[in-house]
């Protein structure tokens, strides 16, 4: 009688324990990235770009090469890496402050140039790292350190829908929004991340996966309550779905 | 004109090809084994509608490439004369495009050379080569480059040009050179008086 | 028959696995790990179907699941 | 190879290609736009990559990425654009990634104008971005040197894993002179074991390019490591193999007044020195070819023999501070400068020399 | 003789309040006091706001005094990363040692408490609202009431006691102390919340007629319980220096 592994830690994920708060979604998203890399068998030629934000140490949690970029600049750094080593699998891992505020120019133009990279965008509607300030994706009325009276659309604008925005561009081949609030959604997220990397492996073009995620600490909620809050409040604003799939990767899979 | 160094300012309207004219002279100088430098007008000088560049041809190493006191000014339009007339070294030369610049009271301590460059170019069927007419004319005066140097250098300067174009450029050089020759300017003497009272 | 293994040094006691276990056979252990956390533990391994929902949900990738091979 | 007549900006571009640089990331700004234009045309001919970025900020970060992946990579800009690049330069210095950055200086502060200037001396030699770091700063004064120093710059940056700044100005960028182009180098992208994507058989750990050290002790260790590297560089330039490369002296041995200038100014000063000599004034010229590390030793030595120094810059006086530090109060150091795009003429500088040498 | 504060024995104490109210200094002192009194205590650093005022800076010093410090991992200790230590939950759940929780100043610091309100309620924790009436936002009865209402809403925890910490740092005089104390007492009267004690710096204790036997400790000054502080944390640019 032998025991077969049903589930274990993916090889691309290092043994270093995450520094994240208990219950943080980053850990699951890291794992999904590592699983996709393993399943595509590209772990020996993957280069990640870590952002500024809570996931600033992302580089320590994977067993492949990493660059740690300045705030918002990861898509530019990834462009430099991918252009230099076109046979590498290059991805950025960015939060909403990084990608949707300070680095808006970089992400839009990397997408528009059709850089053959994968972007994992973790949207939790708040700046976690600096202590819970308003993000570009903060919901209307949501109170944060810098929107103490609730986000007011008349002065702070509306939540930016990055996936929808990027899907308007010609070049990207795959733009999708997922979440991991339930096991079913988690499996869809896993598939989306796999698809995004698969397209890159095939040399196809810019792929973008937005993961709507929780920040239990800055939301002041237990993880389960946070996932519930996400479902009730964030998903109506950030609807799940695939906004662009030029090559039909979802159907072919 | 010193035999060791020639400092030239070339000026005109944008589009008259003065920067290219400078480049032709500099490149020719280089192929003739001279030290050369070329600087376009740059910065505040660019304002006011004239484009200009400075070229130095020299037997020796060129220290400063800046030309503040030119030996020669090649002026393609009126504002260029106004702008650079007073800067020419005493005993230097003002070579001007008389198609666009009326004869007038110039300084009397410099050599004046008038070339109806536009008219000559139009005769050749291409008004754009007026600048090259001036190049041909300049080679007549230069101690550092010759007409043959100019001709030898041309194919490298207009890479990929059609034969007709090359021919018309050569013709422009020639016309400019011949114009000076025919007019029999008195080299080595200041001929400011030539125009006085004519 | 399944085998449910937790790496207690990775567990942060967030409780997501406990909440999501469809058979409700996970609970906090009654001991503290060296890191000062009450880790998740399996209460009735015999009932485990090795669905791996707990493992997939774990943000710290602390759980491994094995199943008897036929 | 035969001489070619080239613009300074173009010479940098061609020299970069010859140095094995195949990656350029930039953004247009006057007066350096000929350089990206040249490379946009040239790099595809050698299977290189030219990317016009969305901003200088993005461009320098592309350089960071490409350099961290082992490339010989460059970017170029002019003063306001270099200000935007400072964030990236700080990261690149922190992560010890080699690259070449070209600044064709124009007037400032702010938008200033597009005229030539030397007012980024402080920014270039003092770091420019945040944190304790240095960039090697090379200051050419001819189109030939624009080409030569581009190649030296790549070599230095690879050797020390440090960004190198080629500090030029609008005049040098725009002027044409004959250039002897160097022989092409082969550069192997897999020559750097530390680079991301390096897949040599001797690689046993994953590679990381990062400037983050959240632990106080780790950061302090890293800072002192960088400092030691900068000391090594300083020594190599002041007494080691780059000693002669770092500075040019002209007629200094018997000089009573030493004129000091870099870049295009040094060319004018050479004319001034010649004119001075003709008039019986014992003038000499010191031209720092490397602005960091500053050639301090030359000034220490000349402070013993010369009686005064005159620093000439196209700024309100920036390098003059380094000259004063080097002369260390032993002899008076004077300054003459023009700004706003006016390149001082040999006559006005001569006039200044006259005032100092013949004070009545 | 140390006068034990009547509710001191509660197994867990949360310190909340405005930024700069003096929570961190009080947390350090309370945990040191509890350590000496009960043979050990635990201090939890839940500050996700300002990396310059976190107890983790003084970790070694207070651990030498028998206080177990729980703070985020070493690698983020100097970072601006709001990772909460998982052991915080374990410490609050575990029976045994007295636990003091220091919460970061200002409103954002209060948010993470939402994750802990259930466990705090289950343990019957003391939730002290620390007031320095000389800090902006607390200087008039109206302001104080508004700030209190607002912060209680954010913290999701039920405040059990008020703590008065009237001080102007080194410039605190007896008169100033009494003036500030009166304001907090007045506020306590209005809200019906008990004023647990007032915080007094050791320099001021003598002037108030408190005979100190050991620091830090609880003493009586007339009808008022005071907690006299040892100054562990004088100014942020001296952090790490313990007298």
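For reference, chains read A, B, C, D and E in written order, and residue numbers begin at 1 within each chain.
The criterion applied here is as follows: a contact is a pair of C-beta atoms (placed from the backbone, for glycine too) under 8 Å apart; a residue touches a chain by one contact, two chains touch by 3 or more.
For clarity, every value in this text was computed on a predicted model and none was experimentally measured.
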Q | Per-chain Cα centre nearest the global Cα centre, belonging to chain | A | D
Q | Winner on C-beta contact pairs when C-E is weighed against B-D | A | B-D
Q: Going by C-alpha centroids, which chain is farthest from chain A? Tell me that one.
A: B
Q.
Measuring between Cα centroids, which chain is at the maximum distance from chain C?
A. B
Q. If you average the CA atoms of chain B and of chain D, how many Å lie between those two points?
A. 35
**Q.** Approximate Å spacing (C-alpha centroids) for the pair chain B, chain C
**A.** 88
Q | Inter-centroid spacing, chain E versus chain B (mean Cα positions, whole Å) | A | 86
(Q) Nearest whole angstrom, what separates the Cα centre of chain A from the Cα centre of chain D? (A) 40
Q. Of all residues in chain E, which are in touch with two or more distinct other chains?
A. 75-76, 79, 81, 86, 89
Q | Multi-partner residues of chain B (at least 2 other chains) | A | none
Q. What are the residues of chain D that contact at least two other chains?
A. none
Q) Which bits of chain D are touching chain A when the two form their complex? A) 23, 25, 49, 51, 53-55, 57-59, 61-71, 73, 87-88, 91, 95, 189, 196-199, 206-212
Q | chain B contact footprint on chain D (complex, rising order) | A | 3, 5, 31, 107, 113-116, 170-171, 174-178, 264, 267-268, 270-271, 274, 340-343, 345-347
Q.
Under the definition above, what is the set of chain C residues touching chain A in their complex?
A. 2-3, 9-10, 12-16, 19-20, 50, 52-53, 55-61, 63-69
Q. What does chain B use to touch chain D in their complex?
A. 23, 26-27, 30, 35-40, 42-44, 62-66, 68
Q. In the complex formed with chain D, which residues of chain A make contact?
A. 44-45, 47, 49-50, 56-57, 59, 62-70, 73, 76-85, 88, 105-106, 108-109, 113
